[in-house]
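Let me begin by handing over the structure; questions about it come next.
Letters A, B and C mark the chains in the order given here, with residues in each chain numbered from 1 onward.
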Amino acid sequence: MKCNESVRSQVPLVHCITNYVTVNDVANALLACGGSPIMADDIGEVADITSISNALVLNIGTLNARTVASMVKAGQTANEKGIPVVLDPVGAGASALRNETTRELVEKVRFAIIRGNLSEMSFIAGLEVSTRGVDSSEADSGNDPVAVAKAVASAHGCIAAITGAEDVVTDGQRVAKIQNGVPQMGKITGTGCMLSGVVGAYVGACQDRFQAVVAAVASMGIAGEMSLDKEGHKGTGSLHIGIIDALSQIDDDTIEKRGKIQYEA
Amino acid sequence: MKCNESVRSQVPLVHCITNYVTVNDVANALLACGGSPIMADDIGEVADITSISNALVLNIGTLNARTVASMVKAGQTANEKGIPVVLDPVGAGASALRNETTRELVEKVRFAIIRGNLSEMSFIAGLEVSTRGVDSSEADSGNDPVAVAKAVASAHGCIAAITGAEDVVTDGQRVAKIQNGVPQMGKITGTGCMLSGVVGAYVGACQDRFQAVVAAVASMGIAGEMSLDKEGHKGTGSLHIGIIDALSQIDDDTIEKRGKIQYEA
Amino acid sequence: MKCNESVRSQVPLVHCITNYVTVNDVANALLACGGSPIMADDIGEVADITSISNALVLNIGTLNARTVASMVKAGQTANEKGIPVVLDPVGAGASALRNETTRELVEKVRFAIIRGNLSEMSFIAGLEVSTRGVDSSEADSGNDPVAVAKAVASAHGCIAAITGAEDVVTDGQRVAKIQNGVPQMGKITGTGCMLSGVVGAYVGACQDRFQAVVAAVASMGIAGEMSLDKEGHKGTGSLHIGIIDALSQIDDDTIEKRGKIQYEA
């Protein structure tokens, strides 16, 4: 698998409708891994922008009425054109609006990939959740990530990725567990959002979407490890910048050598 | 006082309705000091989000009609539930809209803390001001910070914090003057916004709100000093990242040892 | 020419209506070079804010109906008051909305400076373009930057700046070509946006606008070179921070010594 090589040679254009908290990091992470980001959320242009893109990423981190309508339109345009769509259901479970929006999006748009933490994915799987803000809730930690991911993948015909201490990626059949990453990443906002952007680049450039998501997820964990080694001991500001540095230097070799990926039937 | 320990052990959820210029830094500063940020500004969810939070921070840096209505609703929800609300009146005095919005907010919402620069706080105290943009104006530098802070604290039954070369915190009775910080911090956008976020974390986790605000204000100044020592000589980009680094490493010991805090009757 | 000295001594207030992707970098770049940024986009306050500013920067990177109306109002206010206005037509050519907005802005507002990449500027010059997202398109690389810049300058009575491997600045008569910069800057989002902000500061403080734009463009390229030397080998995250560091340290001497500027008739 030469996923990263594909990203760096094809430079997929990734249309992101994403939150304003981490949007700069998402753009820089996308550029670092070899993609090309374009952020556009006005309903008057999202169809145009999606149409020239290789992937679309929808992230509800700071959703509002105006941008949710744009997400639906962009998502439906992508579906018509066969462009893969990634959903990052930030904070699903934390408010009625996020719950309704998540339901509306999965009903109206066909997602190629849904990526979230265990609480968010548990909500999508139809389980009772007690999300606390945008972080995964302790109370939901009893849910089995593999079962939850498989439920989401089956219900929505997509690849499901749950990120946490151990990441799980599944297409409903194949399951990969990924052990990369460092706990300090939880002290930086946006590692999940950045990963969703990077996933967009990988699926925008690679044929095998399951392998593309596995590689993208591993690359983000490895980036955290590399950053902590080099810069992160200084504190979370340096860890943050070091993650972008690492993403700009990770290639398929790095992923192969450092990836702690285990496949299950 | 073990304010920072309380923040790090309780991990208060801090709901921020804040400007899009510095929102990423506010989130990372909140995480660095031990809190957990959630940014949400749609009127359809702010009551839900505030209700699960330990503090609410309202910052008018890039206010608009949509988010001002959300600020009022979130603030009133916080008041009903006894959740402390922090106001950062960015640029009050600089436009009629900011003036009217500031007046509307202090009229409709009961603030636990109001934090701003001398121009902004002079405006809230009802003095004539000549704010120049978002920085404190030379022309207002004749106003006495202690008198202005006491006026704000008395008029609004809150803790007032004025940050500048010397910071002043008062609950109307007790006064603390804090001498930490470095002038180079004025060359980075968002140190004030970050501080307001950090204040939200501290008052969300500590019983004694006056001491919590004093500790938060001192911690930001100390972070500037630590960053300038370690990284900041490289320039303002490194100073910026070094401040987040320092916030992630400051604990109550650091504040006690490095804090230049003087109490007055 | 002591453009940077003028910026650092006058600290021009620069009103930016800009995209939410790179807004933090624009503010920090403006502060680093000696200016003072203020971001405000509500139609209820843009006239007030522009009126107290020394320059106005309009950037359509994440345009929407609400902010386009604010851009027109701010631009017309600036025209009435004789305040220079900078246009950064991000992604012009990439969607019908961006095209229409760009046309509306140049029709309703008189710009002192228009700065973009070759695709964006070719669109404004009325050429057929095939912009791909927010980056300049290969397909447009056959256009002659000097001819395109001269066409824009003549048609709109402005200074036109096209940035790329070689930058071109012209007032329609005088032409400067600038060879500073490093290709790695293309892997960071926002170097163009930051430059437009810096241009705002330079034209807000310097009499000779042509020389001011030349100095601003050179300073951004030099910042990229300085950053790559010192920090950028670590990766694109460090390159990004190093650019802000360098902008905070560049003065007229640096520009004179390191600037690779060539004037043509």
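By our rule, a residue touches a chain if its C-beta (ideal position, glycine included) is under 8 Å from a C-beta of that chain, and two chains touch if they have at least 3 such contacts.
Please read these numbers as outputs of a predicted model, since none were measured by experiment.
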Chain-level touch network, classified as line, ring, star, complete or other: complete
Same-residue or different-residue interface between subunit A and subunit B, half as cut-off: different
Centroid spacing, where centroids are CA-atom means, of subunit A and subunit B in whole angstrom: 32
Per-residue multi-chain contacts in subunit C, two or more chains: 20, 24, 240-241
Subunit C to subunit B touching residues, read off their complex: 13, 20, 23-24, 27-28, 31-32, 36-42, 44-45, 48-49, 52-53, 66, 230-231, 240-249
Subunit A residues touching subunit B - in the complex, by the definition given at the top: 19-22, 24-25, 61-65, 91, 94-98, 132-135, 187-190, 234-238, 240-241
